[in-house]
Structure formats: structure tokens, C-alpha cells
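One chain, subunit A, appears in both complexes that follow, with subunit B as partner in the first and subunit C in the second.
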Partner chain A sequence: MGKILMKGNEAIARAAMLGGLEAFFGYPITPQNEVPEYLSRYLLEEGKVFVQAESEVAAINMVYGAAAAGFRTMTSSSSPGIALKQEGITYLCGSELPCVISSVMRGGPGLGSIQPSQSDYNQATRGGGNGDYHVIVFGPETIQETIDILKEAFDIADYYRNPVMVLVDGLIGQMMESVDLTKPVKKRFLPEKDYAANGTKNHPGERHIINSLYLESNELEHHNLSLKKKYDLATANETRVELINMNDPDYVIVAFGTMARVCRSAIEKLAEKNIRVGMIRPISLWPFPSSVFETMDAPHLKGILCVEMNLGMMLTDVLVANNGRHSVGFFGRAGGVVPDPDEVVDAILHFNERVVK
Partner chain B sequence: MKRITFITGFFGSGKTEIALNLAIQKQVDVLIDLDIVNPYFRSREQEDVLNRAGIRVVSSGVANGRFVDLPYVAKEAFIPFWDRTLRAVYDLGGSGSGARLLRQFSPYFPDSDVDLLFCVNIHREETDSPAKIIQEIGRIEESGGMRPTGLINNTNLLTESTYEDLLEGEGLLRPVADATGIPLIYTGIVSSLDRDDRPVAGEKIPLRLYFKNTWL
Partner chain C sequence: MCKPVNIRVAGFGGQGIMMFGQMLAYCATNDNMFSLWVPSYGPETRGGTANCSVIVSTKMINSPVFTNADVLVAFNQPSLEKFKEMIVPGGCILYNSSMIHDPILPEGVRGYGIPINDIALELGTIQVSNMTMLGAYLEFSELFSDATAEKVLEKYLGEKKAHLLGINKQAILRGREALRALKG
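And then the complex of A and B:
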């Protein structure tokens, strides 16, 4: 099959279907409405489940139910909607249930705006749910990369029995690109879902209980430590990063998603001024690719500039990963403003004014 | 070109870029953005460009309207039907849901000079065969209450577009034109691909892509 032209949100929906999506539960919100709209048309055609729930909270709990029954399930929303799903997400993590969540960020806090933003970086990577848990989060840069990650996301979720979030901003959701849906993705061995609560009275199987309640402290700690082991494994195996132009750079930019697209143009413009700028582009936002900061070979590096469409969220991860080795600066625009490449160029040219630590 | 031209099509077929280029090249007086489906990439965002070209823009009529997500269109959208001296391009939202807005203007159609042009990119999965294109035309007609009067070939893969893509689009639109009796009136061609020795069906609209930033 050749290339076709797709809108980011349509691509999320189609790629999820290619990844084996069996049941979708969602509630409308701009700028991700094309995801459920597309699935309402095509998922039902394939005889699978599509439900427009009565709310975001209901949708994520329907996902919990479908995942508990052993199905490949997904929900999709945008900033305030993802905020509502936080309780469900921690329950999914606590009960070790796999699912995929697509989050198409808009401006915040509160209702914010419907313009693109990256101000849910903390919401995605830290989460607003309770307890010691992590969601595996990817922040793709192009629609093609969004497709490739989503096609793999259900496998990753099943492998770790944990929610996987694909985090893009409204711009990637709304823009169009030519894409190839047939690009192969990594295959992995997946065990049978022997935990699934899929037996019924008339179809007796083993009795399974899906649960996140452990009243006995030692028992819960044991559960916490086993989750930790899983998160350590994910950190070792699922960390993804793209290194761009990292041959003896003067400066290094750290940016993800739409911001990385803008920074690519800025890097070209800076090369014309004989300033060599590399880029660390985290693809997995949790686990964050900290180790590349340790192994970075940049003897002439003057500083690291973290660039985001928020007021400094990934910056915390960059500061920790940098561990005081280099000077770190920040440039960001908020509220739904997408910075121009020239603004990034200017931030590099005046790096000293941008230094945070 | 008729005095009033509505642009419709499957969503993501490139209606807005066609509407902007057509409005500017044909020097119309007003561009009316009827897109209440999309939150981004609407023609109202190019108000400055259009104003510089001497074209007035009508959209939601709400202050800061270019950033709102409201299913509301200003009453000003009717002015070209009342003032017969004005030439206008109407940019409808995508597909049947976008075309529904056409119905409110239908009482004026009998005594106005109106075209409804259906824009097609065959690289969109919902319009990649003559049968699907004809089905989509049917949906637009059913929801908008007017049968399209012309076809626009806007086949492209954005930055990866070739002249051959346009010819492939033409190949699928010919049988559509034969089956429906709706003629292929325009072909949109990205300016960088446009050459004298590259003929296309219907009138050529060289396209400047107003929404394509260097990094987008």
C-alpha cells in the first residue's frame, strides 16, 4: 500500500485498530474529536466495541472493565478530560491492567484553550492518581511516528500489564501528513492473559479477581515492590530517544513532539550562523532517556537548552539527568502559542539570559 | 466563476487551501468561513493575508472568533445573497456535517448565481475510488440540500506531492464526472510543481500553501 494523507487524530484511531484495538470508550473533547468519530465509524464496521460514555470518568472505568476481561482497549481525551481519568489510571496500574490512552494536549490550566500545548507533560509522566505507579508515556514528533508507536502500544501495554499513553499536542492531532500505515513494528512474545476475569456461570473457567486493594501493609508493600520491578524493566527496555546532530555541538536542545519539529528548523538556521546545535529528542517521556545525558560526548558544549510549549516541566527531568554537568537553560511558550523557529534561534543566541541552573 | 462559490468536500481534502487561493486569485470581495467542524487550520486564521488582498473575512462574529470552537456563524454570512454586487467564496466544513450549513442559504439559491464545488484528494482513504467519491457526493447532497455543480481535483501528499499524483486523481475523477454528470472544473497544483508543460483537466489553480510552515 502506498502513502495516504491522514490527519493526526484519524491516524491515532486507524493505528490503534491496526494494533488490535477491540473496545474503545471515550467522551468528546476538542482537539481530539476525530479519534472517537473515526472509530465510531470503522470499529463498529469490524464488529468491535465503540461506546461514547456518559463522561470521561465512565470511559476510563469501562476501559478498566474491558481490560479486566482481557480485551485490547483504549480511551482518548484531551487535557481536562485526561485530568478526570486520573483515578481510573491509578486503579488500572494498581490492578496491573493493560490499556492505551491517547492524550491530545491543549492549553491549561482549567478549561484553558483549545490551542496546542505541552503543558500536560507532568500530568502524563507524574500522573494525578494516588500511589506508587507509572504510566509508560511516548511523545511522538510526526504522524508517522504516532502511528508506529500506537501500533506497538497494545503489545507494550500487554507485556507490562500497564497503561501506555501516547501524548501529542493538538497540532499533531489536527495537522495532516502523508503516512505509510504498513510500516512494520517490533513484535514481542506475549503470554496468555491468564489473569483475565472472563469466565461466566455458563462458561466456567478459573476464578480470577482483579483487584488493587491490599489491606495488609506487608502484602501491599510486596505488591509495590513487584510493580517497581516491572517499572525498572520498562526503564531498561522501553526508553527511546533520537539524537540529532550530536557531533561535537556548541549547544544541545532538548525538545519533544511539535516543539522538536520547530527546533529542527531552528537548528538549520543556527548552522547557517556556524553555531553547531544538537538535539536530544525524548520519544519516551516516561521512562525519560536520562542515560544519554551521562554518555553525551560534547567537549565544547556551552549549554543545554530545554525547549517546551509550557513554562518548564520536562526541565525538571533535564536538570536531574544533567546532574550539574552542564549549564541548563529554558525557553518555552505557553497558553497554546507555538513558538517560531526564530524565537528558538534567539534563545540559543542569548543562552546566558536563559540559564536556569 | 460564478458570483457565489461554495467549496465542499470530504474533510481533509484541502478545501480551505483551495478556498483561500481561489478567493485571492479571483479577487472576490468576501470569504465566508463556514467551518464549524475543525478547531484549527480554518480560513479565518488567514484573515490578515486576506485583508491585505482586499478580501473581507466573515466567520463566527464572536470577538477572538478565530480561537473559539462554536457551532455559530455570523448573520453577515448572508450579505452576498442580499447585495448582488458582491462576489464571494464560502468555505464549508468537511463532509456531510460541514455541508449541512448550506441548507440555511438554499431559499436564496433560485435567484442567485451559485456554484457548489466538490474538492477531492484521492489520497484520503474515504475518497480513494470512484465509488467512494460518488458516495461522498451523495452524502454532501443529502445533508447540504444541493447537488455539487463542479469537481476540483486537489490530489496531493503535501510535501511529497508529484504531478503524477494529480494525473492519478484525474484518472479517478473522469469516471466520476461521467457517472454523475458533474464536470471537473479546477485542478489545484502546488506552485512548485506547476509548469507550462504540465497540463491538467479544467482550469489550473496554482496553490500557495498558506498553512504550511517550514517546520510543519
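And then the complex of A and C:
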């Protein structure tokens, strides 16, 4: 099949359907409204479940219910809405329930703005729920990559029995780009969902109890350690990163999502000035691709510039991964401003003024 | 085409700005090129200027945003004033001369005024003024053929608006003619 022109949000919805989405629960918020709008029509046409919940909190708890019953389920929201879902997310992790969450970032804090931003990096990778848990987070840079990841996301969620979040900024949600929906993605062997609570007194099927409550300390610690094992496995197997132009660079940029695309243009412009700049582009934000910083072979490196559409969030991960080896600088715009490539060029040219550590 | 073309389209809400931009993006996709359409969906679209940007390229598009456009398509005076300085040296402005009279353009920037409102009204409705401008742009850029534009237009309008296909095609044709006359 040839390429078609698609809006990011609609592509998220279609890709989720291609990934096997069976039940969607959401609540409207800009700039992701086309996700539920699209699904309210096409998911229902396929005889699947679509519910516009009464709130974000209700939606994520419906996701919990559908996941507990063994269905491929998803919710979508934007920054303040994802904030409201945090309780549900930690319960999903605690109960080891798979689901997919699409988060289309806008400016914050609070209601912020409806313009694109990356200021929910910490919200996504650290989370606002309680307890020792992680959400597997991907930060694609194009609509195509968003589609490819979403098509695979339900498999990943089922494999680890854990929520998977696809984190994009509002620009990816709102823009249109030519995409190929038919690109094949990795398929995994997935066992039967023998945990599914799909039986009742009146409904055939096994009765199971799914919860996240362990009142005995030893039992809970055991549960925590088994979750940790799972997260270690995800760290080993799901870390994704693209290395660009990393052949003996003068500088290395670290950027994800839309910002990475802007930096690609900046790198081309800098090459015209004979400045060699490479890029580490994390695709998985949790697990963060720390190991590439250790193995990086860059004898003439003058510094690493972290570039984000916030005031320095991934920067923390970059500083930890860099572990003091190289000088690290930061450039970011906030509030919904998408910097253009010239601003990044300028930040590299004046790297010394950008140094954080 | 050796490098991506960055196009900015601006006007009042209701002038068909978004459709103009999307038509270009659809044409590019139809011709197996890369394209990217970014709307300005901020509060400024309510009552103020509406604008979108389109990038058309034969290779993968990197930055989805740009400051200086290769071409500005201005549908009204405020849009021209707002964006006319944000053009690359040697760039070009296509403007709606039914609403913009004797504009002062930056040095080194070529301007083509097309009376799209008048042409559209001659055809019967102001609503095809954006497709008149599209015709002018297609003639100017030589990016896409009439066959591509017509195929995309037919798909865009769909069955519901199929009865509007004829007048929109005419508008594209008249836009082309108007620009050809200016080019001389």
C-alpha cells in the first residue's frame, strides 16, 4: 500500500486499532481530541468498545477493569488529564495489568496552554503515582514512528503485564504527514491471559481476584522484587535509541520527539559550518538508553547538549548517564514554544554559555 | 527539487487557509513525495489570523517548524504584515490583490498579486477564492500537475460535496491563468 496523509492524533487511533485495541475509554482534552473522536466512529464500527467517560479518573479505572477482564485496552489524554490518571496508573502497575496510554503533551504546569510541549517528561518517566513502579515510555519523533510503536505497544504491554505509554507533543498530534500504516512490526509470543477475571457466578470462565493490596510486609516485598525483575528485563530488552552521525563528533545532542527532528536540521546546518555534531535520540524514555553514553567513542568531543521543549527534565537522565565524563549543556524552550533549528545551531555555537555541569 | 520547500499560508479564519495547505500536502503524498502540514491552532485562530505551514520534499523531512518561509501565501493585509519579513532571501509572496493594494514588500522578495476574491465572485462564489489561489501557486511552483490537483480535490470534497468539484476546478484553472499573465 502507498502512503497516505494522516493527522497525528488520527494516526494514533488507527494504529491502536491495528495493534488490536478492543476497548477505549477517554475524556476530551485538547490537543488530543481527534484520538477519541476517530475511535468513537471507527472502533464502534468494528463492534468494539468505546466509552466517553465522565472524567479522566473514571476512564483510567475503566481501563483497569477492561484490562483485568483480559481485553486490549487504552486511554488517551493530555498533560492535566494524564495528571488525573496517575492513581489509576500505579494501581495498574501494582496489579500487573497491561494497557496502552497515549499522552499528547501541552504546556504546563496547571492548565498551562494548548501548545506543544515536552514538559511531561518527568510525569511520564517518573510518574505521579505511589510506590515502586515504572511505566514503559516511548517518545517517537514522527507520525510514522508513532504508528509503528503503537502497533507494537499492546504486545509489549501484554508481555510485561504493565502499562505502556506513548508520549508525543501536541505538534505530532496536530500535524499531518504522509505515513504507511502497513509497515510490519515485531510480533511476540504471548501466553494466554490466565490471570483474567472473566468469570462470574452467571458467566462461564474462571474466577480470579486482581488487586494490588499486600498487607504482609514480606509478601509485598516479594511482590516488589518480582516487579523489579520485570523492570530489569524491560530495561535489558526494550531500551531503544537511534544514534545519528556519531562518527567522531565535536558535539553530541541528546533530544527526543519533535525536538530531535528540529535538531536533525540543526545538525545539517552545523555541518555546513564544518562542525560535526552527532545525536543520541532516545526512543524509549523509560528505560532510558544510559549505556550508549558509556560506550560512546568520541575522542574529540567538546560537550553534550541536551535539547528539550521544557526547562531541563531529560537533562537529569543525561547527567546520570554521562556520569561526569563530558561537559553537559542544556538548551530548552518552554510554554509551548517550538524552537527552530537556528536556535539549536546558536546553542551549539555558544556551548560554553549553555554548560550545566 | 533539491531541497524542501517551506510554504506559509495565512489569512482570516474562513478563507480556506487550512484547506489550501492540506491540498498541497495531499498533492505531495499523491505524487509519492514527503509532506508535512502544521496548523496554527492557538487562540489566535479565533477571530484573528489563521495560518498553517506546509513542507514539501523529495526526501525525509527533518524539522517540522521553520521561521523563514520560501513562499508566503497571504490572503489578507494583516497576514501579509505579520509574516512578510519572515521570508528567505530571494523568496516570494503570493497575495490576494482583491484585499491587499500596493503592498510594500521586503527588498529582494518578489510579489505576485492575484485578485482571487474577484475571480471567485465571477465564478459565482467567494468560497472558491482559496482554490483560485491554489491554481496560482501550482502555476508558480510547478510542483504538481493539474491531474494530481484534480484527483486530490475530488477525494477532498468527497461524495457529499461532489457537486462543487466543477467550480473548484474552474477556480484552479483561473488562478493558473492569472499567475501566468503576471509571469508574462
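Rule of thumb we're sticking to: the second predicted complex is superposed on the first by the 354 of 357 C-alpha atoms of A that agree within 3 Å, B and C clash if a C-alpha of one lies under 4 Å from a C-alpha of the other, contacts with A are read in each partner's own complex, and residues count from 1 in each chain.
In this section, contacts are C-beta pairs under 8 Å (C-beta built on N, C-alpha and C of every residue); 3 or more make two chains touch, one makes a residue touch a chain.
Just so it is clear, the model here is predicted, and its values are computed rather than measured.
By the touch definition at the top of the document, which applies to A:Met175: first (subunit B), second (subunit C), both, or neither?
Both subunit B and subunit C are touched by A:Met175.
Check the residue A:Asp342 against both partner chains and state whether it touches subunit B (first), subunit C (second), both, or neither.
Once the two structures are laid over each other on A, A:Asp342 reaches subunit C alone.
Considering only touches as defined above, state whether A:Leu167 meets subunit B (first), subunit C (second), both or neither.
So A:Leu167 meets neither subunit B nor subunit C here.
Look at A:Ile4 in the shared chain and tell me whether it touches subunit B only, subunit C only, both, or neither; answer first, second, both or neither.
both
Is A:Val137 touching the first partner subunit B, the second partner subunit C, both, or neither of them?
neither
By the touch definition above, which subunit A residues appear in both interfaces, subunit B in one complex and subunit C in the other?
3-5, 31, 114-115, 171, 174-178, 261-262, 264-265, 341
Mind pulling up the subunit A residues that touch subunit B in the complex?
3-7, 10, 30-31, 113-116, 170-171, 174-178, 261-262, 264-265, 336, 341
So in the complex, the part of subunit A that touches subunit C is made up of which residues?
2-5, 31, 114-115, 171, 174-178, 258, 261-262, 264-266, 268, 338-342
Across the complex, what residues on subunit B touch subunit A?
11-12, 38-41, 67-69, 121, 123-125, 128, 156-160, 214-216
Would you tell me which residues of subunit C are touching subunit A in their complex?
22, 25-26, 28-29, 32-39, 41-42, 61-67
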